[in-house]
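Pasting the structures here.
One chain, chain A, appears in both complexes that follow, with chain B as partner in the first and chain C in the second.
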Partner chain A sequence: MSDISQSAMKLPGITAANAAPWLIATLFLLVLPFIFSANSAITIMNQMAITIIFALAYNMLLGQGGMLSFGHAVYLGAGGFMCMHIMNYVEDYSLPLPLPLLPLFGGIFGLGLATIVGAFSTRSAGTVFAMISLGIGELLAACSIIIVAFFGGEEGIPGDRTYGLPFFGVEFLQQIEVYYLIIFWLVLSALLMFLFSRTPAGRMANAVRDNPERAEFLGYSARRVRYISFCASGFFAGIAGGLLAINLEILTGEDLGLLLSGEILLITFLGGVGFFFGPIIGAIVFTLLKTVLGLETELWQLYVGALFVATVMYFPGGFAGVLMMHAPSAKLGKLKLLVVPYIKTLVPAFFAVMGAAGFFEIMFHMRHAAVGEEEMTIFWTTFNSHSVLPTAVTIGVTVVGFWLAKRSAPDMAAAWHASITPNKPAGASAGERPADSQAQGGGS
Partner chain B sequence: MDLILVNIIDGLVYGLLLFMLSAGLTLIFSMMGVLNFAHASFYMLGAYFAYQISQTMGFWPGLLIAPLVVGVMGALVERYGLRRVHQYGHVPELIFTFGLALLIEELVQFFWGTNQMAYETPEILQFAAFSIGANSVSAYKVFMIFASISIFLALLYVLTRTRVGMVIQAALSYPKTVEALGHNVPLVFMGVFGVGTALAGVAGVIAGPQLGTFPGMAILLGSIVFVTIVIGGLGSLWGALLASLLIGWLTTFAAASSFEFADILLALGMERPADMDDSILRDLWTLTLPQIGPILPYMLMVLILVVRPHGLMGKRGV
Partner chain C sequence: MSTSTMPALELDGLRKSFGKTEIIRGVDLAIGRGERHAIIGPNGAGKSTLFNLITGRFPNSGGHIRLHGNDLAGRQPFEINRMGLSRSFQITNIFPKMTVFENVRCSLLWTKGYKYSFWHMVSRSRDLTQAAEAILEQINLTARRDLPAGVLSYAEQRALEIGITIAGGADVIMLDEPTAGMSHSETDYIVELIRKVTVGKTLIMVEHDMGVVFGLADRISVLVYGEIIATGKPEDVRSDAKVQEAYLGAALEADH
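After this line comes the complex of A and B, so read on.
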């Protein structure tokens, strides 16, 4: 699948080279709260870390196993609700269960549900699997309103994470304490999921994804391989659910609904399903978009939707795929070749996108602002949204930017081809378009 | 008895509406092998366009123009979106239509806001056609039934009796051979996609005044339509009809029934607990059939997929 995986195959055991990214990431996570110490920042980071676990678990299905699920939030929700009940139960009967162990029970419950559902849903991948997952998702989402005893109906189930005795002096009253609990589980589960993808079971999941028939001829049951991936994915989704329960202290039907299932599909695909770290990028970018862009504009979902459709159409490898397109250039030390062509194309493209966004904002303001309110502010400029000039400016910027970007795009593609071609044979192969080669990244 | 008759008519209206959506969807699936997640979004677009047209020109021009616009949009989506994604395989296609559904919902909210539109039935149909006992059946419902049945008959005629229909049917099973015979199969695909979405548009125009025109209408019906074609058997027009009517009646009767699960528990010899909060079966005691009505189709679908993946009348597995 990628160079990284091949090198991991060649070098058994732990080496400095393959442990380094993990150590750096862990250190980075540990010092992160000292850089962003505001409470709101920590809340966002908690959310982000949980989303990363969930997205990685989802990618075990979509990216590594080739199974498209429209109802994966069910396992997150099931684990989360179970943890909430255990939390309340332990508090009522003052049992000695330390809070940091709680997500494990969420994982076990997610695993349990996945073993039941997976028993019949993993018979085939593709459309049948997608449809069954949608059906199960709808069923459980509907059940969350009907079965009040377990899901708490519309009010949801509240809990208190500060129950019981402090765990080595930590009471989990503050967000920062929860943050360290979450990143402990994040690093642990990410590592386990990475190692799972390196086990024979994980490798076979890739094989079954790419060619189930051939895998069957080799003597593996495609169904069994999918089933193992599915159960493992359910387990980690359950862990994410348990952490969600601890973080939010209240869960409602939304936490296993189809909206969340769709969101995680979007996150994972945006990040890139072809590489292990893709969903991590996706989760970070999406959470930032949701919180930062969501503060700036009401239209953020429109932009995210457009970004998603554009990604599916033009960059099926997602962010990770685009990044890894440049790995060969970096290896050849030719990244600097790309700087000027990229600036020439991407800067006008950026302005074109911003211009289009401005146009949409003005349109939205004209249609939906309160009657009589004609002033609006975008890009640090305040103007009358009903006057012609701003609209004309945004259209002009969009058209000119698009034209400039389109004009220099072939140069950029040529530069990219030149950068991935070793020096010896002079002249780049001009036949292949970049979009086609990106397709190799999106292996699903 | 009266109530049963009324329910039969209501279920028929709902079932035929589902059929208009599922007919297009199942045709598109059997041609291209892709389940169009955004199909219900085109239904929503149909309703919104028709509403916009009805503001200036009245209901009837909308019935004609809106589906055409939706059909053209669908054809463009196939030509410039799906055909591009097709090279990556079926799962990215499904993801593409999923993204499209999200995008269309956002766009609808962008243009029309989140409130329900005041899209009304035409005045000429605002009377009670007949009444059964004390329940009157509106003329609009009768119109809906006739409109859907005539569309079904027209579709059946085109598919089985005309040359175009023959080419489509042949392209369903042997696209390569049909292409070798000199037919433009990609054009056929685009046409089928356009007609399928136009059918969804018609359904939207007709259902908009009855079921409400709001941004959630696509999601509300979208997954039920999926369920319908999976139960009916993917690619089977008759299966889609059967499953649509089945689901229409199933949900209508479930919603209208007064059955309580407490009756079963009482029949089993259990006693109604004095304090509901203490009982572990609390939810079972208070559960009624109308409550679980909306999830019955999903249960049926999961059951069908497990027991008979071909669906009721499908010839091949999903």
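After this line comes the complex of A and C, so read on.
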């Protein structure tokens, strides 16, 4: 290699281009409470930010390391409960531990538990790992009922985050103050998790996920690589737990239970395990569905479940995967090709989904509303849930919408293929690589 | 024994059974430092199994394996690799979802001393990037640098497999049928590549193509039904009556 090429060789480090998304995201988080300033909105955003940290931590296992855990909430819970006890202890003895540092202790306890469990669970990544995670999840859920001194039994463990001296004048009485505390830890944790994925341990986690055997013949113990990811993931889950303790000021067995473990798996998968930002989208969408949709209908879990199944079946890359499917089109400047075909398919599909939702709501109301209460309101329309017409309308809308969507779906797929294919004459330079590799592949 | 005369690899009464069937039935072999040694033999003779025993993929049922005089008993594949032995596989074994560059970079990490570090950024290391690019240059895949390894042509994947094997700088290189399933021109390309990247190293190679074997090897061992029936210089092995009878005659005829 010549000297010139050596000095010209770019080392991708911290450049404006890869710092920009982080700066923009941070700025956005800082101004967000000015856009949504209602207390309820801040409560949702706090929940969302904690879920994002947890989901990113979970994806260090699932997406980066190929380990499917059914019990990851125990690390969040370990951090959370420990922080709660520290909070109470520090209050009782008036120790000078500022609240903003507390999540770090959550992380340390999450890490501590992970170092113990990981020592035997990371031997393999497959079914054995999944089953051990489920077993540990079940075990700690049982402990949370039995060991009342630590977990508080049914009532849980309460705490008071305003215990200590004000931290530079901030007492953390208000949700907004907690918001800024949480997003400080969110940005820090997300950045550290991102950087982890760029280290030798993080790169080898990907390698071991894809082909553990080959990694072993390159000098790496697949088990040790998994163990390190597992511990790191436990650490960040613990930080999320600490923040949860501060945010809620009470934790119960639910905060380390299998339900939460299942939820984080669903969130992460929904967002997309293949990209670093996938779980972030998953956490945002899920928290919104849970809070906003959850206020509207008791059936929100049914819709989330349906969305999850549809994602698993048709878009295994999750939301992030769907977004990134359009990166080549955007690069080629061909996104506008997609507008009309997308409208033609997605609008009827939207109506089909809404029709089906309406149908379920009517059925649910018919079955479960108090006797004699036959009036219901959905989609700004009030009607009698026992009459035939509304049901017929929802079925009709669903069937027609579905039929229209299905009819135009092939056009949409074709448009997408066209949008990722470079133009023949004009795009000669852009198309060089694929064409070249095809020629090579054909020749062999 | 002084270090200069000590064999790079020494097999001593090596045995392996799968259940009741004994596949490797007492193999003794010493391969010198810097030697290019080919192992030939009919299908199912146990050549790949022998590789799997040496590299720690399977535990052996009897006998000893010594690498530079150190007994390998009970060692894991990654430990054996760290002792300076690296192998390729008969069936391509790479990281198909990672880019070609990343495949090579991952295979450099251990010997470059990064171990399990989570405080170094791999992309910040000029040394690592340059070493990986040098390997890509050697295996002729620089133009494929940023493609996922899974989309490469078969011959390119085989070249990458060799690249991954040699990247770590191991001094004993074991290649299991590196040219299997390749056209003539591709075979020539891979043979040149092997010659180039194994200069000064000990090479142990399983190969069916007799042209490749007689072109590359300093010595040849013939493995038939789990036993080595002959070891020696190519011309001696070629004229060995036992080998003629058991294997080579048929193989040479098939080659013509």
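Methods note: the second predicted complex is superposed on the first by the 413 of 444 C-alpha atoms of A that agree within 3 Å, B and C clash if a C-alpha of one lies under 4 Å from a C-alpha of the other, contacts with A are read in each partner's own complex, and residues count from 1 in each chain.
Everything below uses one rule, namely that a contact is a pair of C-beta atoms (placed from the backbone, for glycine too) under 8 Å apart; a residue touches a chain by one contact, two chains touch by 3 or more.
Keep in mind that this is a model prediction, so the values were computed, not measured.
Using the contact criterion defined above for the overlaid structures, shared-chain residue A:Phe359 touches neither chain B nor chain C, since it reaches no partner.
In the superposed model, A:Asn211 makes contact with chain C only, not with chain B. By the touch criterion stated above, A:Phe120 is placed in contact with chain B alone, chain C being left untouched.
Within the superposed three-chain model, A:Arg203 lies in touch with chain C and out of touch with chain B [touch as defined at top].
Looking at the shared chain after the overlay, A:Gln301 reaches chain B, while chain C stays out of its contact range. In the overlay built on the shared chain, the residue A:Phe235 is in contact with neither chain B nor chain C. By the touch criterion stated above, A:Phe172 is placed in contact with neither chain B nor chain C.
Comparing which residues of chain A touch chain B with which touch chain C, the overlap comprises 444. Chain contact summary for the complex, chain B toward chain A: residues 35, 81, 84-85, 87-92, 94-96, 98-100, 102-103, 105-107, 109-111, 113, 223, 226-227, 230, 234, 280, 282-283, 287, 291-292, 294-295, 298-299, 301-302, 305-306, 309, 317-318. Against chain B, in their complex, chain A makes its touches with residues 62, 66, 68, 70, 120, 123-124, 126-128, 130-132, 134-136, 138-139, 142-143, 146-149, 258, 262, 265-266, 269, 299, 301-302, 305-306, 308-309, 312-313, 316, 360, 363-364, 367-368, 439, 442, 444.
Of all the residues in chain A, the ones that touch chain C in their complex are 1, 6, 9, 11-13, 195-196, 198-204, 206-207, 210-211, 213-221, 224-225, 228, 232, 433, 436-437, 440-441, 443-444. Residue ranges on chain C touching chain A, taken from their complex, read 55, 57, 76-78, 81-82, 86-87, 93-98, 102, 105-107, 109-111, 114-124, 126, 129-130, 133-134, 137, 143-144, 147, 151-156, 164, 168, 183, 186.
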